[in-house]
Structures are given as structure tokens and as C-alpha cells.
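Working notes, beginning with the structure itself.
The chains carry the letters A, B and C, assigned in the order they are written, with residues numbered from 1 in each.
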Amino acid sequence: MRRRARKPRNLTIAATFGKARCMICVGFFPSREPFSMSLTRAQVEAIAHLARLQITEAQMPVYVDSLSRIIDFVEQLSAADTSGVDPMAHPLADQVQRLRPDEVTEADRHEKFQHNAPSVAAGLYLVPKVIE
Amino acid sequence: MEWETVIGLEIHAQLATRSKIFSGSATAYGAAPNTQANLVDLGYPGVLPVLNVEAVRMAIRFGLATGARIARRSVFARKNYFYPDLPKGYQISQYERPVVEDGSLEIVLDDGTRKSIGITRAHLEEDAGKSLHEDFHGLSGIDLNRAGTPLLEIVSEPDLRSAKEAVAYMKKIHTLVRYLGICDGNMQEGSFRCDANVSVRPQGQPEFGTRAEIKNLNSFRFVERAINYEVERQIELVESGGKVVQETRLYDPDRGETRPMRSKEEANDYRYFPDPDLLPLAIDDAMIESARAGLPELPDEKAARFVRDFGLSDYDAGVLTSSRELADYYETVVGRLGGQPKLAANWVMGELSGALNKDNLEVAQSRVGAESLAGLLARIADDTISGKIAKDVFEAMWTEGRDADAIIEAQGLRQITDTSAIERAIDEVMTGNPRQLAEYRAGKDKLFGFFVGQVMKATQGKANPAQLNELLKRKLGG
Amino acid sequence: MSLHTQSVAELAAGLASRQYSSLELTLHFLGRIERLGPDLNAFVTVTADRALEDARRADATRARGEGGRLTGVPIAQKDIFCTDGVLTTCSSRMLSTFVAPYDATVVERWKAAGTVLLGKTNMDEFAMGSSNETSFYGPVKNPWDPARVPGGSSGGSAAAVAACLVPAASGTDTGGSIRQPAALTNLTGIKPTYGRVSRYGMIAFASSLDQAGVLARSAEDAALLLGAMAGFDPRDSTSVDVPVPDYAAELGTSLEGLRVGVIREFFDKGLDPAVGALVQAALDVLRARGATIREVSLPALPLSVPTYYVVAPAECSSNLSRFDGVRFGHRCDSPRDLRDLYERSRGEGFGDEVKRRIMTGTYVLSAGYYDAYYLKAQKVRQLIAADFARAFAEVDVVAGPTSPTAAFGLGAKTSDPITMYLNDIYTIGANLAGLPAISIPCGFVTEGGRDLPAGLQLVGPHFSESRLLAASHQYQQLTDWHRRVPPGFE
């Protein structure tokens, strides 16, 4: 098996801050500010923590900007008239959950599964100590 | 200042299905780590949940038994948070539309009054795995065997007003889920867990005080102690000018106190949303009626029947119906005896329960079966042996495993009911104790017991007590 | 005609009549992949040994007189499908060493049909992207112009099939990730009805939108391969228990009387006029064969992109929480504590677009924002579905361009996420409503001295795949855009 050599990822976002090419028109293509701050840094930090994602100091302003743009963009939804409309639970409206019989169908395959696990001992997955 | 305690209980009952709620892995307790965790339980990329029908049926049974409303459509939701024993990073639970709502259960208080406790909701969800903290040098070991086991989370209204009420409610639920066959109630193994929400407020104040949640109380005794401690703590805190903080606490049984949980530094935003991998759960009339038809006689019904048919007190009926196994045992005894319900009740609640407790056995493991016990009680009823001797026989039955008749025969324990034999024994005792005889006849009535004892000794305890009493009275009277 | 420019149908016939063996075929394609693959960067893993095994087995099956139409036909799987014993990466550092311990249903079914697995194709990381530029393994090049993107997220599958490195490949489509790359690379790409194909083993991005499908060089090929992957799967609760028609057998349905609705909202200022003209010409072809064309309006459709960019990130933020460095996947070195384990494993393992979407999703689900964003978006989604339903009361299919432009340059749209998101403007509606949709080649525009393909999109009501495939097949009998091969790859 041959695998592709890894190429460095493209981080041009910071470089074109505020000068994004955009298509401006009504309907599908709403006009946008070139720079947006609808989310604060504190909010982005809180979100990153909730999502357990480490964002470095250098990356933070980029994420604040791009997330703000995205939230600004989806703000359009607030103008839609959805009075009396139910949220869509599933694309296929009449389907209900299938119920499976109460049977044991699985055999023990933990060795196969743990073969590639990052850290295992005595059949247990190891993590830094959990404090109660 | 008069304080009122307000308690709500959240009980997690592990449902006794063979396989897990969303996967076909086994749920049996005690397997080697991670040998009962398949790809779905491990939260591997690409896997999907499929719902176990029996978990749904069990939830329906609980709803019917508590007079609750069974939702025709209920929804599974994801509760999102990160913890090593939660492989997907979310727990599949139910949030806005649970399967069971608005039930109730009656408890009996110490003074005999009955109180109805509301059950806000009961919903289905999956259990998490376990963290093991010893032996790993600063690391914790995660076992996901338990991850995916079905749970029924039962939430009470904050209707409980004391630790005793809370325990009574918890015991009632415990009995009920075992009666229904939906949970084995084994608190040591973690199949029945209780969290208590406790708050206090000045008597007469309509608003609730801030509550603290005490987690994972796994015995009735701990629940009572933890609540009592927490109530004290909160009252002291408020009376000294402090404020109760809404937080999660753990009960430390060694110190007898509750402490805040260190790991929950900030309130979690669970970001509940309907799980897109599962479709709405539809329950139709047929499913509900089928569950209803399969319901056993419930504890309250059975206790009422015992009171009615066997003439037992409420208390005795309550004890005997505290488990289905005990109630069935009792009824078998009465059936075999062809009557004598009170005698049977005394023995089942007394000697039998004592022996079971001493040897730490369940009713099902009793060394004396219901038929055997009935055999022993029959010998009391037909005067073959006295009640006192019967206790010795029972002990022998318990340790040796033989039946009553065999032991009575082998040890020659038959009661003496022959009047002349008893009279002879009385005569001998009277002759041998002239001083006591004179004192008794002179008015010292309490010496009667002395003579009873002497005759019993002379007959190796086998004199029929009723006859002995009657004859002795006559003879001593002169 | 060379082996590699033949369609799946033609190869199946060739194998059946013993013109060549599966082994010959497989070696031929593996050779092309070796020579031409690296420059395109279409593959993450080439499963050469496995392919040869599959081929030999297929030949033995045919020799016994057994097997089906697809026995011995080489295919590729998008690297989002778990493949037992094979690296399955989702083009992410997070899974760069993940060898899947099981086969996805899609993989099982194509395997059961006797196909030969040539490899796992490159994609946008965790299927998030419209240009295949977010891959940990580097961008994929469009065989029609290597300075341009092939589209995404199934860019690797598209490039591989378009360059004739493999006759057909699987893809997944959450917001257009099969159809848009198909349009940008001159392929036929079909996304079936939601629930038509099992999602078991398909690494989840947005659970209520994801569907597996096919990228191929013709509607007939797509019909054959979709038929082999579709059908009820008890392991997927959202899988629908509806029988799978014999799509290939139903391709002959004529265009006569087909009622086509042209979506007014699609012919907007954002559409490249040259692409628009090609789509109109394609509609003329249909009209000439007896289809009736009329305009339909789906007024909520312009909200489909913001709706999608609330719903999809919300679902993915939860779906990707399982990647925590504990049981599989990337783990950071020497985690200091639990929080560090999670934050660094995930911070290092995921690329920027993935992190952006996880954070967007976390935000729109969070306390205080759920109603305004997630709940609102799910209501607008209902409006969009209702618009389609209303249209389908009047017409059999709705039509329009697949993509607002032809293939754009590498790096041209990576500076602002919204610009990239708008590439899916015409495709997203079908995902939101769970409808089947197909993109077929309808001609070429010229840009920078290069001929670049454009796609016509047809969307139908639930479970109307037969009609979509038949209409596409009839169109492909009347045109030969789909037969063109990029220069240098003939």
C-alpha cells in the first residue's frame, strides 16, 4: 500500500483578512461587511472549551473573525416567518424507530479493537487520572 | 425559625434486559473489562444505535404500574459532555419528550398515614462505563462493559418532606421495579442508584430554596443519613447568614458528611438536541395493552389482598409483600397449611427472615423451602410439638436440610399430650418442692412460673404448654 | 477504445464475455494510478495487494459460472467508509493511523457484488468542504485543469473517476459533496433519498443529511452501482425498508411527458452566465424529446445555505466528540491531565475547517442560542421541504445548475469560509429535504484556455431514483458530454 506524502495545510485565512473575494447580490448572495465581530473572544474561548479544542493565541483572532462571519451569515434565518411551523425532526416525516429484539448478538472482540488503541493495560483504556 | 425540608429523588434503575439498549452486547454483571463492549458501545466512527424493544416494554410496565401517561411519541436526545466513561462524548437520553410522565406512588409513613408522591417522569437512557482509579500510577482505567446498559431514570416531584419519606419512597420504587421484573434492584452492583435533590425553606414560604444534588447514594441507610446531614448543613448555613449554592455533592459514608464534587467546576451546558440517528419512538395501544396484560399483581394490591383474605395487619402485609419472592413463599406456606395465615406470617417474618439475614441469603436461596416450612408449622398446629420446640426443629432443618417429621422423630421431640403423663410429672414436682408449694398456696402467685419451668425440665420441654397450664392450675389450687 | 475509458457497463460485458480478466483490468488501473495518481493526489491509500486478491477471486467466481454483473469490476471507496483492515482516515490527522476493524455496509455490499477495491480516495477532512482543499493529505487536483479544484468533499473519488484511474467510486453527499464534484469533473453523480443507502460504517458528519452515493461516467453506471449499495440495513435506524428497484432495467423510460420544473431562484445573479446557458441548452434537449418545462418557485430555497450551516455543524459538533484520543485515533504526547488530553488531541487532530464547524455547532446548540439558531433552522428546513413538496405536486423533477461556476482555482476561495459555503447553494436544498438528486454533464465553458465541465442537476421526490436515472440516461443517449475524457488522460 502506498500512501500520499503529507502536504502542508493552507492557512491563508489570516493573510486575506478583510479582503475576501465575495459575490454580492440579493437572494442567495447577501451583502456582507468585510470584517465582523459578532462574537467576542471570550465567547469563542468558552465555545472552544465546551468543544475541548485547543486554540492557540495566534489562531484565536482568526477563529473569532471566521466564526463571527459565519454567525452573521446565518443570522438571515431570523427574518424567516416560521410561525406555526414545526421543526423538522427527520427528512422522512412518517418514519418511526424500529425496535430490535432483546438478544445478545455480540461476541468479545476486545483484543482486535484494542490492538490499535493509544493506551491500554489489563484490558482497560488508560487516561490521565479522573478526579471525582 | 421553623424549616421545611423539600426533597426530590432521581432514581436510575438498570433495566434487566439481556442486551444493551442500543446494541446487541450482553449486559451481565462482572465480566472482564471491555469484553462486553462492541463497536457501538465503544463509540467507534461510523456505528449507529438501534433500540431494544424490551427496554421500551419495561418502561411501559413501569408507567402503567404508577398510573402514568405513556407517550405515544417520544424522542431520544443527545446530552453532550466530555468524560472518559462516555465514549461518544454524548449520552443518548430523553429530554423534552420522555416515554413516561405524570405517575404517582403511595407511601406509608411511620404513623400509618398514606401520602401520594408524584412521579414527574421516567425516561430511557444509556448508562456510561466505569472508571477505575487504583493500580495505574496516576492514570485511570476505563471499562466500557457498562456503557450502553439501559437505564430508566425515574424523577419524583419534590413532594418528599423528610429523609424518612425519601427512604420510604425509594424502598417502594425498589420493590416495584423488582415486582415488575424490570430491575434486579442490586444496589451493591449498581443496578439501582439514587440521587437526592435537597433544599430547605422557611415553613410557609411557597418558593423553593436553592437545592443541592447529592449523587450516587447506593443504600437506603446512606440516603437517610446523607439527607439528614445535608438538611442540617443547609439550615446552619442559612441561619448563619450564608447562601446555599446550587451544586453537586457526594456523600462520604466514613465521615458521614456531604462534600462538593471537585470535577464539576462549572455547570455543564449539555446542548440537548434530538438524536438524528434515532427516529421518534412510537408506542401504540396494542403495545400498551400487551404490557398491561402481562403486569403481575402489584405490591399494594397484594398487600391489600393479604389484609383482606388472611386477616393480617397492614404492617405485616407490607413486610410480607416487600418482595415478590417473599410474598410467593408466604402464600405457598399458607396454601400447604390450608389455613393458619397468622402463624405462617409470624414464622416467615420471624424465624425464616432471621435465618436468611444471618446467612445473607435471598428468599430464593432459602435452605428451608416453603413446603418444608409448612410441614413444620403443621406439626405446631396439630400439637405434635410446641412452638418453642419448633424453633429448635427449624434450626436443625436449616442446617441439616431434613424435613420436620424426620427431625422430630429422630430426636424424639413429640409433645407430651397424654394428660396422665403430665399429671404424673406435676405430682413429682409438687412433691419435690414442698416449700414453694406452701408459699404458692399461701399467695405467692408468681411461683406459678417456677412450677411450669420445673415440669418442663422434667419432661425435657415436651409437655404441651396449654395442657400443662390447665392441669397445674388445678393441682396447685389444691 | 482503451480499457480505462470504458464504462462500468461495458467492462461488465467485457468481463462476462471473457475479453479480458479482472486481473488484467485491475493491473491496468493500478498502473494508471501509479503513473497518473500522484499528481492528482486522488488517493490516500492504494490497496494494491487487496485489489489483486479481489481480482483473482472474481476471476475464479466467473470461471465457475457464478457471480453477477459487477463481478470483477474495479472501484474505489471514499476514505470515509470504514474498510476492515484498511486505513480509513477521512483525510484527517485525527484518523491518520486508524485501521478500521469492520466494513461499512456500503463496502460490504459492493464487495458482495464482486467488485475489486483499488483504494481509498482523498476527500475534504471529515467531508467538510467543497473543493477538497481541507484534506490533511493535501488538495486534490482537477484532471481538467490541475490548477483548479475538483470540488468536494468527494474530490478524490471525482478526480480518480474523471481521470479514468477507476471506472467508478463511492462518495457521500451532505450538502452537495457528490453532485458538485461530479459537475466540476464531468461526471454523473447521484445522491439517493435519505435512508435509501445505509449509513452504517460511514463516518458521520451530519447525521440527518449524510447519504452515500455514486460517482461514475454515466447514468447507466450509476444505476448499476447504486443498485448494488442501496437497501434496508437493520444496523441503521434511519435506513428505510423499501424495496430497491432494478434501476438499470428501468433506464429506458422515455422523456416523453416528463414534467420538469426549472427553479426560478437558481437562475440568480450569482450564477455564471456561461454555465446558465449550458443548463438552458440541456433543458432544450429535454424539451425536444417531449419533456415539458415550466418555471417553479421555491421561495424558501435561498435560505438553504444558512439553514445548512446551522444544522450540519450542530450535528457534526456532537458526532465528532467521540474523537478524544482515548480508544482510537490521534492522541497528543504526554497529556498533563484529562482536559489537556482532550484539548490537544482534538486541537492537533482536526484541521481548521473542522474546528470551525465544531465550534459553530457548539455555539448554535448552546444554552440561550438553541431556539434562535438550531430550532429556527429546523423550522426553515421544514419550509424548504414544503416548497419542494408543493413543486412536486405540479412537476416530476425540478432542474437547475449543480454549481454556480465551473471549477475554480486552488486557493481561490479559501480566504473566507462563506465564499466556499456558497458553492453548495444549488445542492443543499435536496439534502435538507432528504430528496434524491443527480448531476449530469451538460457541456463545457472555457476559462483560461481550458475547457471546464458544467453540470445539470435534477431533483426528484422521495424514492424517485429510477426516474432521475432514466431521464439522465435518455439525455446521455442524445448527448455525449459525458463521454469526454480530460486531455492527457485518454
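Simple rule for what comes next: a residue touches a chain if its C-beta (ideal position, glycine included) is under 8 Å from a C-beta of that chain, and two chains touch if they have at least 3 such contacts.
All of these numbers come straight from a predicted model, not from anything done at the bench.
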Chain occupying the middle, per Cα centroid: A
A-C or A-B - the one linked by more C-beta pairs in contact: A-C
Cα-centroid distance, subunit B relative to subunit C, in whole angstrom: 58
Separation of mean Cα positions, subunit B and subunit A [Å, integer]: 47
Chain centre separation (subunit A, subunit C; CA means) in Å: 20
Residues within subunit B bordering two or more other chains: 39, 42, 44, 50-51, 82, 84, 142, 269, 271, 276, 278-279
Two or more partner chains touched - positions in subunit C: 98, 101, 208, 234, 237-238, 317, 321, 324, 326-328, 338, 342, 362, 366
In subunit A, residues with contacts to at least two other chains: 50, 52, 89-90, 95, 97-98, 100, 109, 113, 119, 125, 127-130
Residue ranges of subunit C touching subunit A (in the complex, touch as defined): 34, 38, 41, 43-49, 87, 97-99, 101, 122, 133-134, 136-139, 194-195, 208, 234, 237-238, 240, 265, 268-270, 300, 302-303, 305-307, 309-310, 317, 321, 324-329, 331, 335-344, 346-348, 350-352, 355-356, 358-360, 362-364, 366, 372-373, 375-383, 385, 411-419, 421-422, 425, 432-434, 462
Residue ranges of subunit B touching subunit C (in the complex, touch as defined): 39, 42-51, 78, 80, 82, 84, 87-90, 142, 269, 271-273, 276-279
Subunit C-touching residues of subunit A, taken from the complex the two chains share: 1-7, 9-13, 15-16, 19-23, 25-29, 32, 39, 43-44, 47-56, 59, 63, 66-67, 69-71, 73-78, 80, 82, 85-92, 95, 97-98, 100, 109, 112-113, 116-119, 125, 127-130
Of subunit B, residues touching subunit A in the complex: 17-19, 23-26, 32-39, 42, 44, 50-56, 73, 75-76, 82-84, 131-133, 136, 138-144, 250, 261-263, 269, 271, 274, 276, 278-282
Touching residues (chain side subunit A, partner subunit B) in the complex: 50, 52, 89-90, 95-106, 108-110, 113-114, 119, 121-132
